[in-house]
């Protein structure tokens, strides 16, 4: 599983801490003695697929004086009521970092948990669940890693590492053929050319024009099946558009290679996790 | 309604664009002619409460050469199928900025829409719906503005602008009384002292110790009602913990002043909005 | 005593070093051998109250290869001619960091020293000396910590963590009552409402409108005494405006709870400290 | 007069605004209507030499929607009770930017005012008053421009644009001669070599070693006079150390070329300026 | 031709100006009157292919008060002795920005000029000249745009937008087949798989394993010809390694699709351009 | 030899890594096992003078988990085919950092190697080879350190640490005399005044006006010799303009003190270095 680059992780965490702690945690500074030690545990309230442990740990690296130990790894299924991680060290630091650390863990585990449900839904087919660019602004790298933790795969990261010709590009070029030709001529040869098609006749044109991948946009299951037959292995076939846990299986069964699901990242509910502090410590 | 400070908005948008566009939009650069003009509209697919229009506009300010006009303001209820905004200008820029701009608008309108449902649920009571610090790391200011757009109010922004004494602080101090006394002695006099109480007997101690606000943590509706009676106007009463659209009304009817709801920001599904490009232009 | 958040301290120091060292200390690079060791001491030339030791230490953490040991803590009164701290390590690094480290220590100890004089001036009363927002741009967190080191307390940090309704806000709202009502309706409930009053009749209106704190702006000692009587414990009373070491005692004796003093931070002369290098070392 | 580079000014102001405004001016946001207009004036309470007008203006450029007009220029003597500048525009923006803008103007005008007193004190001699590196961390460029506004001149900006061999460098090198030789061999040929001397016999060695400038460190006026005679125009002579408004004239009269004064920047009291808002506007 | 993203360009220029101008251009500040106007021209001393005009212009946008007009566009061949651009405006600003602006223009035009020589050398073949990742740290986007200006094409931008399996990856995986399989399974489906091969037998394995592109590493022209025959259009063929202006034609004639040339960016001599100021102006 | 300030080095390397690695090294992430160890060596392909070892090391500090050991120091002559450095640690990290680390080492060693050739060319004279401001935007500090590694010396770093009056400044001032007088009056006294002269008669005026250094701009060797005679030790003499390895000796023999060479930094070909990975490791 690809890791979030260290610099990206550090900046995301430092930004979040700056946002929450700002000029200081006035409550903890006033009440908790500077040297006081403490222990805490992170506990699940429902079953989750874990993701975001690196961000959780990085929060306490930056807050300082707290040791975190995870009892599960990203991608693990953790039952309800389980201890996910333990913390030990400066009590004030634990309290100051708590909310920021949980905000990362809850959102990212929420994404992994939802992804795992989609992956399970297509089990038994060769179809792969992939994410989209519909991520939270500023957290894309972390959210895409969470999709991988949930068993999904990543689509292109952004506009720079994949050619995806959409209807608007086709309209601007005049035709699928012209659009593909222009992309071939100008984009680095290390990138495949993917073309979005809304109708089956466009699929033929895309294949003829030399597309490497086609994305079926909001097609019916029936049309998806026909598209797979037309593609006949010559191009990779991706289905996309409003995929729910109920509908996704049928598309997978239709034989598409990939299904991209926006809600993995734009609408996953947060995983339910809480942190309980215990007095005492080393 | 409070505005997101300009610097905060600009940085959030610039970070998001850098994340998505990176070293360039290879598809658009290859296919769309440099000077080509276009128009586009943003359309709702379901009823939403609008939020995030400033972030949407800022995306195109930074991408350049695109004029955005919103037909609704933040806080407006927009029916399904309605045109929310129109865009006019450089077609390539519209395509390059589209996803980032929609990512902001969909998430923030999602938060406003869910907030409005909670606000409607307590209508007829004096109770105010407020947010929490369970926000997306890096987007707190925007998400809190979205809560206001949905008719909610903001709780403290972070750890620096409010004293909230939780069970762990009380445990560290030894008693509610000591904790409140320490906070009074050390925190700026411009901040109120809020104390989290899980049992009714703690409420009495908190009031006696001089708390300004009490937060009832996961209390039953019945206990909330008793708490309101005990408080008797001497302290502000906030209820918190697992509030759903189904349960929130009963707590409001119990007479609490404020109800804080984590899911407004940590689990709101994205609002369904899309951008459709039209050829041509000025 | 609240600590300056680590990130804030690091950035302030790194900015200062970048400003002073820039592309390199040409004198030291040319003259001092790379591996040469040295020792140095920081000595007071007059009695001071120490503040800024963390910033001083951070300078040498960033310059590298120097160990700093403070013989006094922030808040300690250090007599003239005393050794405040010792340094040991790379001689070139000591020379390169010297000025920046002293600039922090001299300014911050100057603030603590002046604050301590004000605090001593009101000794025997219940009155607390607090700072203002009249701080050096970019150094507020460090200067507010220095005020605490001198025995003062902190007023709100900035515009975001306290409501302070001044004459201009009242004028904009039309009346004290409207201004307070608007603040109650819009500001987070974790913030108190403070109202500036220039005349005694405004004080009554402020109390009636529900202010939590009143700030007496440039009132005479006599009026301050009357204001305290009117307030009668219902609101916290802060006196402000041109407080000198000569006048401050009378206001404190008049019974106000807080006196805010701008010159603690805007006009404190630098504490007189110097660094003397000794050859040799480990 | 040298200008502060635009980038430096912008960053200093943006940092200061971020510090003061943070996540928002809660008072103004709650009370002042979004579109309300206002006017304000900045008034002197004592005679000052103006400095920092560019920083003051930049604050309102960044806050937005406010036009500032200065009636005096940096370097002008402004009598007490005079209107220094007028502001016109968004009332909320004026209130939000007020403190930050005044913090710059008061500190920088304080420096210019004190500098002008030193310059006046040496009038009639050829001696030039220069600043030191004893500036506020993070504000050096602005403070050095304020010294120029007060009629002083700038010493080197930092460790990178001047060679100043102090006693510690001499000790590290073994002798003045070796230190100067090393500096000549390693430093860019565009830099002069200045040597600090505490005793007259060192002065001879410094001149012989090829120093371009000598700095007399805490010498008596009598020794300064002898030093000038020894220097005999072969080297530039700078006097330094504890210069007060009372003692500075005698040193100047002794014939030194430059006198450097640390307190210009480390201990100048803030100039007394206030901002008064007037309702109404365009 | 793809443009350098505006944010990337601005930061590169602002960094360069900060590096050169730092705390101020002491010469110009001292000598040139603040309001003085001037004109200047940029002139070629030898024939060049122009690149970097946007960076040149951006320098003066940031320095301010100077209008730049280019008489040629990026990609144009400019004969020796020709005026490339004219400048008009503040004379001091022209002098302050001159070196930084020329440093960009000379390096980037140097790259374009060398690229054009390589492109000309393979004229008449279908072979495309592409760049590598052997660029100047911090200037990749600008240098890759310069390669395009010279008629070359861009290889992948970095490690994130292309899969290039080198000998070390193959060794780590155990075989070409395993390496390609792992890449197919883990990399986004929007990326092609390129495999570096040093021997012809590896070429067969790469094709069989499903590579999209093969890079012939330091092969002889003879082997390259054989490789093209083996590839037979099933994979794109790139030749790489020590390509000089003398040898490149033979490789192109051997039928490879692409030739990548490190020296386009790592060893291109600067184009010879100078700026001549003329007094006067508008 | 002056070191690049740590902060400057770290930022340059972090920028370069961000540029190359971006959101991740997809090839290595897919193929190389997370825990796999490796060793590698950096080998010269031709004789070089080493420079940039600190940047090379810093790349792997930032990438993490790799130990680098250099067998030569900056400034050493390394024959062809020699091992310059060895690497040991995480194989994936070695592969990810390879290109960025080599890009620094190749460029900087290229500069040192060319500098050493110029230094050798003037051997036997007292003349010193110095660099110019014609450096790569963003890398000046590293490139100037490379010049020192090659045995050259540094001219001023930028516009802020040296006064260099060029023809355009003279034209703006009206005469050499006025220009020098203005510079003396306004620039810090720690800076020398250097004047560019194109004709011998200007040299006399410059000396008379009090210049400390004169730069002979594109003069013939004959005129340079005359200039040295005129200067007669009263001013330092620098020759500049189009110096090649063929012509530089004659100028040095003419007796000038310094020769500045732009191509040291703007046109040095990259040194030929490669990294070879070996499997296994500790």
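Chains: A, B, C, D, E and F, in written order; residue numbering restarts at 1 for each.
Just so it is clear, a contact is a pair of C-beta atoms (placed from the backbone, for glycine too) under 8 Å apart; a residue touches a chain by one contact, two chains touch by 3 or more.
What you are looking at is a predicted structure, and each value in this text was computed from that prediction instead of being measured.
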Starting at subunit C, what is the smallest number of hops through touching chains needed to reach subunit F? 1
Quick one: point me to the chain whose Cα centre is farthest from that of subunit A. D
What is the size of the turn, to the nearest 5°, that moves the C-alpha atoms of subunit D onto the matching ones in subunit F? 180
Of the other chains, whose C-alpha centre is the longest way from the centre of subunit E? C
Specify, for the interface formed by the sequence copies subunit B and subunit E, whether it is same or different in terms of residue numbers shared by both sides, with half as the dividing line. different
If you average the CA atoms of subunit C and of subunit D, how many Å lie between those two points? 22
Taking each chain's centre as the mean position of its Cα atoms, how many Å separate subunit B from subunit C? 34
Centroid spacing, where centroids are CA-atom means, of subunit B and subunit F in whole angstrom: 52
Could you grab the centroid distance between subunit A and subunit F? Build each centroid from C-alpha atoms only and quote it in angstrom. 45
Enumerate the residues of subunit E that touch no fewer than two other chains. 2, 21-24, 26, 29, 141, 157-158, 160-164, 186, 188, 191
Can you tell me which positions in subunit A touch subunit C when the two form their complex? 14, 17-18, 21-24, 26, 29-30, 62, 64
List the residues on subunit E that touch subunit F in their complex, please. 12-13, 15-16, 19-33, 36, 38, 91, 95-96, 99-100, 102-104, 106-107, 110, 133-141, 157-166, 168-169, 171-173, 179, 182-183, 185-188, 191, 262-263, 266-267, 269-270, 277, 279
Touching subunit A in the complex, subunit C uses residues 2-8, 141, 157-158, 161
Given the complex with subunit B, which residues does subunit C contribute to the contact? 2, 130, 153-157, 160-164, 186, 188-192, 194, 212-213, 236, 238, 257-258
